[in-house]
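Given below, in the form of structure tokens, are the structures.
What follows is a pair of complexes built around chain A, which joins chain B in one and chain C in the other.
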Partner chain A sequence: MHRRVLRYLAILMVTGFCATTAQALRPKDGRDTITEGHRIYDRACVWCHGTEGKGDGPSGWSIGRYAAPRPRDFTAESYKLRSTPSGELPTDQDLFRTITQGIPGFMPSYRSLNEQERWQVIAYLKSLNPAFEQEQPTPIVLPSPPLFPSGNGITNGRALYAKYECRTCHGDNGAGDGPESKAGHLRDAHNLPITATDLTDPSSFKNGATPHDLYRSIMTGLDGTPMPAYADQFAGQEEAAWDLVWYLQSLSGQPGR
Partner chain B sequence: MGRHRVPVRRNRVAIEREKDTDLRTHSIGATIVQTVAGLFVVISGTYDMSVQTAEAIPAFARKYALNCTTCHTAPPQLNTFGERFLENGYQLPGTEDGGITGKKNLGDLSLDDFAHYTGVRLRGNVLRAHNFKQQNPPGAESGTVQNKSELGFPEVFSLFTAGTLSKDMGVFAEMESNLEEGATGIERAFITFNNVGGENIANIRIGKLDPSAVFSFSTLRQQLEFIGESTNSSTDAVQRAGLFPLATAAKFYGLRDRSGAVISPYAPSLYNAVAETGVEVRGRPFGDWFMYQVGVLNGSNEGFGDSNKGKDFYGAIRLDYARSANFSASLSGFAYLGNSNATVFDGTRNVDANWNRYGAAAHLRYKMLDLHGMYTLDRITHAPTAALSNFDTTASGVTVALDAYVTNRTLLSLRYDNMDAGGDLTQRTSQTFAGMQIKHYLRSNVAVYARHDLNLRRAEEGNAAARNLRHAVFVGIDISY
Partner chain C sequence: MKPILLTVTLCVMLGPSALLRAESPMSTLVGRITYPGPIESGQVVAVTRDSSFCGTTTAIHTVTVNAKTRGLQGAVVSIDDNTVPATDLPRRPLVLTNTRCAFSPRIVVGEVGQQLEIRNDDPVMHNTHISMGPRTFVNVAMIPASRPVEKPLKQPGIYLVQCDAHKFMRATVVAFTHPFFSVTDDTGAFQIAQLTPGEHLVTVWHDTLGTFQQRVTIPARGEVTITIEYPAHVDANKK
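After this line comes the complex of A and B, so read on.
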């Protein structure tokens, strides 16, 4: 038990240190930062996201071809990968996380850009959408996993999986082969066919595969896709949401809790 | 097809001759049924491979956890992102990730890490059917039209090792076993030093390289694979035309390398060679819109020790336009100046000649469409007049190819090829072919294809390979892992 507590403390310290370090290297917002971000964007990002950030780069179409996903349109669209409530813009940390981690299958990790460069790119991306000047994205409260989950967490999670009809898209065993997915009924905001995530393959999770990532995806949804936010359903029942997270982890053979 | 392929072709010629005497004539229907059954067996055997995403050089897909279509419109054809990845020495565009991505201490290495640098590809035709007019065969009636077909197994196996050794230093090696050509060995192998002097100022490649890799028309990235010609082993005369992107081809009949071996008129050569040994420098010092490329090679069919009187030189520029609206375009031009890189037979002996090539190419990509084409003009210079009395010193070629995804998993490819041949006036025959291929991806790393090539000048008749091949059908499979 002590070991588990120590592990959580260590994770919290490392996460906090990394976030602080990344923040410390963040250049001040301003014209110079945006200009430098634009320069980096033109070298690294333009191929998929296009000259004007509309998601229409010359290589963007071939990624999904006649199906989802298309590269993000930074000028107008909603964002999939957020820690903010559905319909809101992402926080700067969300953008930083996406650039750093990439999106498995579709966007490489750009951690090879140094942190300052990533912040510069983020400044440029935000300059493409005036909404970033008007709104102040606020992340949802992301609680730490309970230190002592209930012994029947996975069982509870399985029940929630059934209750909220996750199987409709993700299938009975989470393999992404639910009836709606198999029938090809799922569409994204562009009306392109989209398949449900295979929950047995964490390496394909676009929004990350850690317990926190799963919790965030459940609570905020993936805007522009059929994956809704379940924040309302789990309001005041955060522990139940963690049970669902443990169950999802167990689908891929991870120990769960 | 390049330096080592000319002598290799002789081995294949022997194989072809053997086939000519042993081949049985099948009905196409029966052959197709057998082929489909064979394909089913092969595909069934590969279908359960636990592959998420892999094609072309699947090691990169594994290393970066990406689908192959991040870099390819349709493997092996690159999209603009893939082109810049290649130019940057296998580092993400705009970065120098070779210093950090995937690097581990030697003691921490696992097979998974090995897989991030290594990929394999197995491909080949399991059915070949040629419809042709018999050309003076020993013991057979000349002028009869017949089908010859054969069943086989995928016979081209490639092993790739590629990636970054450190920041701005990359490596590429491809080993290939090609049963048709009777060849096994290192196809290409080189080291890259990137961003020398600043970001994209100079990228250097040293080794056995393909000069046209970053050109608007890349020899090695055609959807319709090379189909070798058949030649008479005693006279070296071409008996059945090869099916190649003819703009890349040698185009001369009767041209020989410095060892005296006849150079196939179909062999991709000079700037468009599959591989030549040398060094090149390229970069985009003024921005993405302009690329320069200069290089020095041993020259056609010259290996270690280079017995040439001098090296061959080439230079190319490429102009890129548009990076939005799902559209991009590039326009390129090159000049390749050979230096005693070929010989011409003057009646008594082979005499040195300079074999030069000039070319222009364009590449347009818009959503599902990928259109690219090239025109090349070859000239033989600095050869004794006596040697050229029966020799046309000029030849040209055109290739235009269109690839289009007609569904998410089905790729339609069309290609037009024309060669205005040069060389020995008694042999040279110009030719025009059109090819069509449907390639269906059963999964991201397993594709089957059917291809039909049609001789557009067959009605002109004449007893030459370029006329006698009426059409050809191929069915094959392409597996990458």
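After this line comes the complex of A and C, so read on.
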């Protein structure tokens, strides 16, 4: 217990430091930043996302040709990986996180770009969709995981997994083999077949596998996919949402609570 | 002296507004949209989830025509060129309910800025997924007895509604930047009030039959009644 507490505190401190440092290196949004971002995009992103950011790059014939996910169309589509409510655009920090971490199995990490370059690319991506000028994405409240969870955390989480019918897509044991997924009924926004995430394999989680990431995915849903947002259902019951997170972690043998 | 001054002041303040009320448009367009095509019996599809409640099969009706009046149900009628000053948005939300494994109503029409309220009256979970083109408007889990979910309509246009849990469930939300619209009832009837006199373009949209337009002349006052027949061969993909 003591080591877990120290581990979480360390993660929070490092995350906060990195976020603060990244913000400090962020160039001012403006034409020069966008122009530089465009130059970097043409070097690093165009092969999948296309010359106009429509997700139709030459590598796209193998990625998302017959099954989800397809490279993101930055000009009009929703964003899957966000900290904002369903239907909202991502925050700049969401975009920074995705570029930095990549998406397991599909998009590489771009830590090779320095932080300033990553912010410049983000400025360019946002310039491709006028919605970023019209809307102000506001992230949901992401509380810290409770240090001292309820005694029946995983048991409560298992009950919630059943209550919210997660098994329908993710399966009884979270292996992504739920009846809807196995039957091929799940489709993404492009009507491409999509399978439910195998919750027993955290390395495959596109939106991250930390407790915070799982909480965020549950609350915001993954727009463009059948995964809905549960924020309204958990409103006022955040402790219950954490119990579900602990249960999901336990499915992979991680030290859930 | 003071009462006279007060009276004059009140007349000056109220006079112009009274004049404006006298000049406000009062004309109403009343009509029926008819469809000469065949009356379909509905496509029967299998229910693959929650069949104990939703039934093992369900019928999907894309074009509902009243046998007696030939009226087309669920057509959205609008007049986009009516020049009337903006009024306050309706306070009550537009309600879209998951009920008996179907969306009710199937066509929801409102104004940009109005709240859309999503409810679930069923004892099974629904997954209400609303999108406009490639962009998700909202995708929310609606468990039995869940609290309603509200979200304002920010953009004008056509929103497609589906349930990811029950693929046969479909509905449409149409948002306008003005209040001059109506949805035909089960007899094909509609009514649009507060119209300025003159010639207007009436737009009729149906989620299967597409868009059709016709000009109509609105009188200075009173009511004008028309019947608009949907062409039998409108491009179904034209929205």
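Criterion: the second predicted complex is superposed on the first by the 248 of 257 C-alpha atoms of A that agree within 3 Å, B and C clash if a C-alpha of one lies under 4 Å from a C-alpha of the other, contacts with A are read in each partner's own complex, and residues count from 1 in each chain.
Just so it is clear, a contact is a pair of C-beta atoms (placed from the backbone, for glycine too) under 8 Å apart; a residue touches a chain by one contact, two chains touch by 3 or more.
Predicted, not measured: the structure shown is a model, and the values here were computed from it.
In this overlay on chain A, chain B fits alongside chain C without clashing.
Of the two partner chains placed around the shared chain by superposition, chain C is the only one that A:S78 touches, whereas chain B remains out of contact. Once chain A of one complex is fitted onto chain A of the other, the partner contacts of A:D177 are absent, as it touches neither chain B nor chain C.
When the two structures are aligned on the shared chain, A:D42 is found in touch with chain B, with no touch to chain C. By the touch criterion stated above, A:E238 is placed in contact with neither chain B nor chain C. When the shared chain is aligned, chain B comes close enough to touch A:S112, but chain C does not. Once the two structures are overlaid, the count of chain A residues touched is higher for B than for its counterpart among chain B and chain C. Note on the composite model: angle chain B-chain A-chain C, taken at the C-alpha centres, equals 110°, rounded to the nearest 10.
In the superposition on chain A, no contact is made by A:D29 with either chain B or chain C. When both complexes are overlaid on chain A, the residue A:E165 reaches chain C alone and has no touch with chain B. The gap separating chain B from chain C at its narrowest, counted between C-alpha atoms of the superposed chains, is 17 angstrom.
Interface residues of chain A, counted against chain C in their complex, comprise 73, 76-78, 86-87, 131, 135, 163-165, 168, 179-180, 183, 185-186, 189, 221, 223-224, 226-230, 232-233, 235.
Across the complex, chain A meets chain B through its residues 40, 42-48, 50-52, 54, 56-67, 102, 104-113, 201, 203-204.
In the complex of the two chains, the chain C residues touching chain A come out as 48-49, 125, 127-131, 133-141, 143, 146-147, 149, 151, 154, 164-165, 167. The part of chain B that touches chain A in the complex is made up of residues 52-53, 64-67, 69-74, 79-82, 84, 91-97, 99-101, 199, 288, 322-328, 365, 367-368, 405, 407-408.
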